[in-house]
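Each chain gets a letter, A, B, C, D, E and F, in the order it is written, and its residues are counted from 1.
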Amino acid sequence: MTKPFKRILFTGAAGNLGRRLRERLHEFADIVRLSDVADFGPAAPHEEIVLCDLGDRDAVMRMCEGVDAILHFGGISTEEEWAPIMQANILGMVNLYEAVHKLGIRRVVFASTNHTMGMYKTTDLVDATMPPRADGYYGVSKVFGETLSRYYWDRFGVETVCIRIGYCWPEATNYRQLVTWLSLDDLVQLLHRSLTTPRVGHTITFGISDNEGRWWDDRHAAFLRYKPKDSSEQFADKLPAEVQYPPADDIATFYQGGVFLHNGPKYRP
Amino acid sequence: MTKPFKRILFTGAAGNLGRRLRERLHEFADIVRLSDVADFGPAAPHEEIVLCDLGDRDAVMRMCEGVDAILHFGGISTEEEWAPIMQANILGMVNLYEAVHKLGIRRVVFASTNHTMGMYKTTDLVDATMPPRADGYYGVSKVFGETLSRYYWDRFGVETVCIRIGYCWPEATNYRQLVTWLSLDDLVQLLHRSLTTPRVGHTITFGISDNEGRWWDDRHAAFLRYKPKDSSEQFADKLPAEVQYPPADDIATFYQGGVFLHNGPKYRP
Amino acid sequence: MTKPFKRILFTGAAGNLGRRLRERLHEFADIVRLSDVADFGPAAPHEEIVLCDLGDRDAVMRMCEGVDAILHFGGISTEEEWAPIMQANILGMVNLYEAVHKLGIRRVVFASTNHTMGMYKTTDLVDATMPPRADGYYGVSKVFGETLSRYYWDRFGVETVCIRIGYCWPEATNYRQLVTWLSLDDLVQLLHRSLTTPRVGHTITFGISDNEGRWWDDRHAAFLRYKPKDSSEQFADKLPAEVQYPPADDIATFYQGGVFLHNGPKYRP
Amino acid sequence: MTKPFKRILFTGAAGNLGRRLRERLHEFADIVRLSDVADFGPAAPHEEIVLCDLGDRDAVMRMCEGVDAILHFGGISTEEEWAPIMQANILGMVNLYEAVHKLGIRRVVFASTNHTMGMYKTTDLVDATMPPRADGYYGVSKVFGETLSRYYWDRFGVETVCIRIGYCWPEATNYRQLVTWLSLDDLVQLLHRSLTTPRVGHTITFGISDNEGRWWDDRHAAFLRYKPKDSSEQFADKLPAEVQYPPADDIATFYQGGVFLHNGPKYRP
Amino acid sequence: MTKPFKRILFTGAAGNLGRRLRERLHEFADIVRLSDVADFGPAAPHEEIVLCDLGDRDAVMRMCEGVDAILHFGGISTEEEWAPIMQANILGMVNLYEAVHKLGIRRVVFASTNHTMGMYKTTDLVDATMPPRADGYYGVSKVFGETLSRYYWDRFGVETVCIRIGYCWPEATNYRQLVTWLSLDDLVQLLHRSLTTPRVGHTITFGISDNEGRWWDDRHAAFLRYKPKDSSEQFADKLPAEVQYPPADDIATFYQGGVFLHNGPKYRP
Amino acid sequence: MTKPFKRILFTGAAGNLGRRLRERLHEFADIVRLSDVADFGPAAPHEEIVLCDLGDRDAVMRMCEGVDAILHFGGISTEEEWAPIMQANILGMVNLYEAVHKLGIRRVVFASTNHTMGMYKTTDLVDATMPPRADGYYGVSKVFGETLSRYYWDRFGVETVCIRIGYCWPEATNYRQLVTWLSLDDLVQLLHRSLTTPRVGHTITFGISDNEGRWWDDRHAAFLRYKPKDSSEQFADKLPAEVQYPPADDIATFYQGGVFLHNGPKYRP
């Protein structure tokens, strides 16, 4: 069967999302090149595995050679001390786009995060034209990625879809997760459409399923033809019926970033 | 079965909406305190009844004691002379929020009305950030309620959801009602979500079902997770097929407020 | 069975859309007056046929006499030299609205086109308040029609719905058509609602089906109660799976107007 | 010398602004009718004095008879208990516009206040299309006045200019006053232009001088041709040079309303 | 002395503005080519004169040969019957831009008009992103010119500054003229900056002096560095002091187009 | 004479702006602590000198101890290879705000740059709510600084004024510099007001003088009371009169970033 691409690169293959997505990536390309910083086992027949520290410029260049498109899920995806975040998410992005630019790769799908806007309130409606409001070092580093990839589009025509991924775990267990939940199937669809739409320019879109309740207005990315099939409503009945209004100073319910607000910044002692 | 609250207060229990909603309120709390200005019969086992003139400050304070949340449907809901509207909808709101503030009640759901924006045209799309355009004394008094409750949120953190209720009767019989119709089930859902969403701040939302045709854009309240299940389309076939364009000076079809525009202001003779 | 109108006029009856719509027009009126510039066969029993050059002021006046409403699909609908476009789409519109004004006809549905905004990018989201960006002589002439009809509303109260029609052919065969496709049934519904909504003022709406993927945001015309039932998704599977990113200088994929950008302006040699 | 009007009415003549403006009002009309609730001395030759409780409907009607335009500065202009505010600023406005409507008076200039938006932050820029954010009972009552007068314009064509007056005292003595200061001369100019511009519809404008530093963007009222001649900069040098950043919880510097936030609401003990 | 250009073309040289501007055009170029439809006398030493009917394609092509930039003031500038407007302002523009395109001329300054937006109210603030609202055939034809020139920018990179010229006569004699007045000196400055700014793309700007009172917000053209030196305030004192509010149905004071609203459309008898 | 502060810190004292500003800093504080990475000579009596590599966390902490406010001009201010930019502008900012946070310093004035928005066109009007569009590594690193400081305001209440400084050299010599020029006196005023305004939250403002011609709309920072006294117009006459339209592909005139677009990104060979 004909597949969209010959070879795509997926970075961050050993991460949480990487492990769950791995079995679906063959839908996109004949050869799936998987990458992460440390060994994560053997390749399947249609796979290639490249170990690569994103902070290593030459290694990143080698990792990118010969691919048609990149799904960039690599780097750090939790609140951490600054040093490793800078290495993977700042320097890593700089290295990646230098490679993309030099090698003439046309498109990247970048795993950004809702924590780029975690300091908006849970009563706000955010769209892609509004300024980011990061909620920690991690969120700040992802805003950097969006800024850098925008530059490569404006200046050099490299196309990027930045997906601000919501809560992508099997089950939603509280109000925040109900609103931000993303099913794996819907993520796969969104990746597919981000890769295959003829033109995407530089686009910021929100990775959520068809949940009731919205914090994010995705209309500016409507051209992607993403139409989620799942909804978090399946989990709504399992939430406790009883209402306890959160304390007036509970920032984890006041801001979209939730508990991430309590995690950062992680200063060295 | 666990219910969201221990005790809620519903004002305006003898009104049109109050009578229809009464049998559904037990879903929200173990004890439903019902209130209106004049006697409206005995309480059911899970109910408490408090007769209260909203213009009576002390009575309002007593009415609010011990409740977890308030559904404020009391006051006058038709075009009337100014004196009774001021007593119930202006002074009544002031008294209510003084009580809410002093008693530390955290949340109110306020039955506002589409007549706060009745002077917009039927070709306009209105959202919650646009200035109100009341269509009579009644509408003006409800804008006052929205203004006052906004102040109590901005200054003191009292949360209010203002629902600009559409046409909430069993059947839609003309174009205006097709667009503004709200089913009782959908209203119950909207009340439930307004009461149970962890944070609502001060929110203006529009009480309509999933009708085809929209005058109001509710995206700023999307976080409430309100998803109407009914639609006025069931009534569309009963409307006359023949089209008679309304006269060019027929304000009741030109403005969203409809026939309310002909009713006010009611001046004393 | 009662029909919405006694007599409507449909111009452009011999055109592509005219021929496909003709059998559906009896739903709208007892008598359907069909018009085009050259002979297109005999009338059915409920039909009247008027041959009319839109550039002929007196003929246009006679064509419009006695009708309740007009569906104006006449004129040139492809990129052409300027002379015939000016005759049919510029002078024709001026003649039509003079007749409409003098005869007191209350409403026109005007077949505008997506080529009024073809110079927006395929990653843009366009709504009816944004400035037109025509992609050729044809698009420019349709912007003229929207401007002129706006004037007749602002100044004289003549109501017009301008439908920026998408790709209205039986099948969508590429990405652009997937996004812009309009089924005939959905067009008929949109015409019906444009004709029968009590008030429309001057409205610009987008003629597309319920496709996944949107370039156009139709919320300002939501009051029309148009709800498309078809979707281009039925054709998506037939598109080639393999992705070849278009060359960086391929304007036909970069701008919404598609291949129309290559067609104009048609200068006389 | 010809004056703009034959007779104008100025309410609130015994108030702070009334007393300072009184000597300037003869510029506007041959006869200046002055009104307040209690005796404030004898009339000058070109003056008429009418004592009137704004809560007294019949008295308000008599007060308005025979005037060409009204400068409505009457009512309560400080934070107070609700009862007197409702009497003067709510019921008083209702009575006034009933009289204006019945008597066919064409225009009112309404002394609104910056406390209609006192809950915006001192780093916000507010314009007339943004929702009011009152900072107390007084501010809420003035929003009511703006809402009511808007209704009389939308529905009956009564024209009103609502001036959200800043700090109109001879001298500015702190940062807040530097930003909000209004000289008497500039106020007189603004009143003149509000009265004499041929059309004003319902307009909200901001009463400030040409200060450096702005919280309010008056561009929507630019048609009034108001051009202030004074500036608070004359007082800037008298402010202390030393900077003490206000405590993080000092709401009087965080919100535009300043110390008014500490004054309300005044609950009866 | 070095001048900005070698040769510029000024069309409409025999019109009102053309005659007044003629003596100033030598500031712009060594050679000023003047054009109009009928003979208007002999050329000065630095001038060339070309008689040209704008509706004549070949004549327009000849008129444009060898010029560096064009000031297009030609065509009809009053409300007229449609036929001559279409000939000069519609067909004339099409011919001009065909010539500009074929000859590779880089920039046009187009004399548009405030009557492209005459149906906005005199209390509205209009900016260049808002949809035009023409007030007659003349205004509609100028919107056409703006639309066509926009297309030539979007598609072919031809730069145009559209100046919506206000009331450009020596003296302002009523409120409307006070707001819309443009001095000849300021017009000359605006033409100079429109011609000499390195990049203008397609820009819509408003031709008014530094009047107190604004209907138009020119901020989107701020990059032009236009800074008017004159003001209509010099004429304000000559206006009558006495105020007579215009009748409620006086459209000439209600809409920005003023008396033009009474002039159109000019139907053939 | 009393000065605003006891001790302020100025970083980047050996840079171009640092050297020119140094003699003016005594206006702000009794003691001016100056810092740069390498030795730049002896301190004046009212000065302290601290040598500090911004990438050295402990050194940054020591540098910040005991200061009332910070003017952060340190780091790299030209297009460079990524490694030094990351060290000074990324890691340096992280270190600085950690120190600011831990030490309880209330306010920072951050020297950002117009190159955060250099990919906007020279015909665009940019305001502080629009997304940044960096034009190189340098611009990207300054967007990072704005993002990080926003986080410290949203989360911890640290106040920052980000000044996007224009062309701050003694003389403007081309169109781009005319538009972006900033005099030293005006910069000093802007620093003073940024330091002394009681509340600034997190503010982005544009550092330009009162030039004719604007690319940036500073209205959202109007509360700062910045009023430039100088204008680039003094240099306008020295520019060549003759106009040569730049080639259609000359990005340095098409984008606001000017020649910076040609400088980046600087890849290691």
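For the reader, a short list of remarks on this structure follows.
Keep in mind that, in the parts below, a contact is a pair of C-beta atoms (placed from the backbone, for glycine too) under 8 Å apart; a residue touches a chain by one contact, two chains touch by 3 or more.
To keep track of the chains, here are their UniProt names: A, B, C, D, E, F = NAD-dependent epimerase/dehydratase family protein.
The structure displayed is predicted, hence computed values, not measured ones.
When the partners of chain C are compared with those of chain F, the chains appearing in both lists are A, E. Per-chain Cα centroids separate chain A from chain C by 41 Å. If you average the Cα atoms of chain B and of chain F, the two centres end up 51 Å apart.
In terms of inter-chain touching, the protein chains here follow a pattern that is not a line, ring, star or complete graph.
Working note: touching chain pairs come out as A-B, A-C, A-F, B-C, B-D, C-E, D-E, D-F, E-F. On the side of chain C, the complex with chain E involves touching residues 57, 82, 86, 90-91, 94, 98, 101-102, 119, 129-137, 139-140, 143-144, 147-148, 150-151, 154-155, 261, 265, 267-268. Those residues of chain E whose C-beta lies close enough to touch chain F in the complex are 1-5, 68, 106-107, 157, 159, 195-201, 203, 219-220, 222-227.
Residues 121-125, 175, 178-179, 211-215, 217, 240-243, 245-246, 248, 253-254 of chain F touch chain E in their complex.
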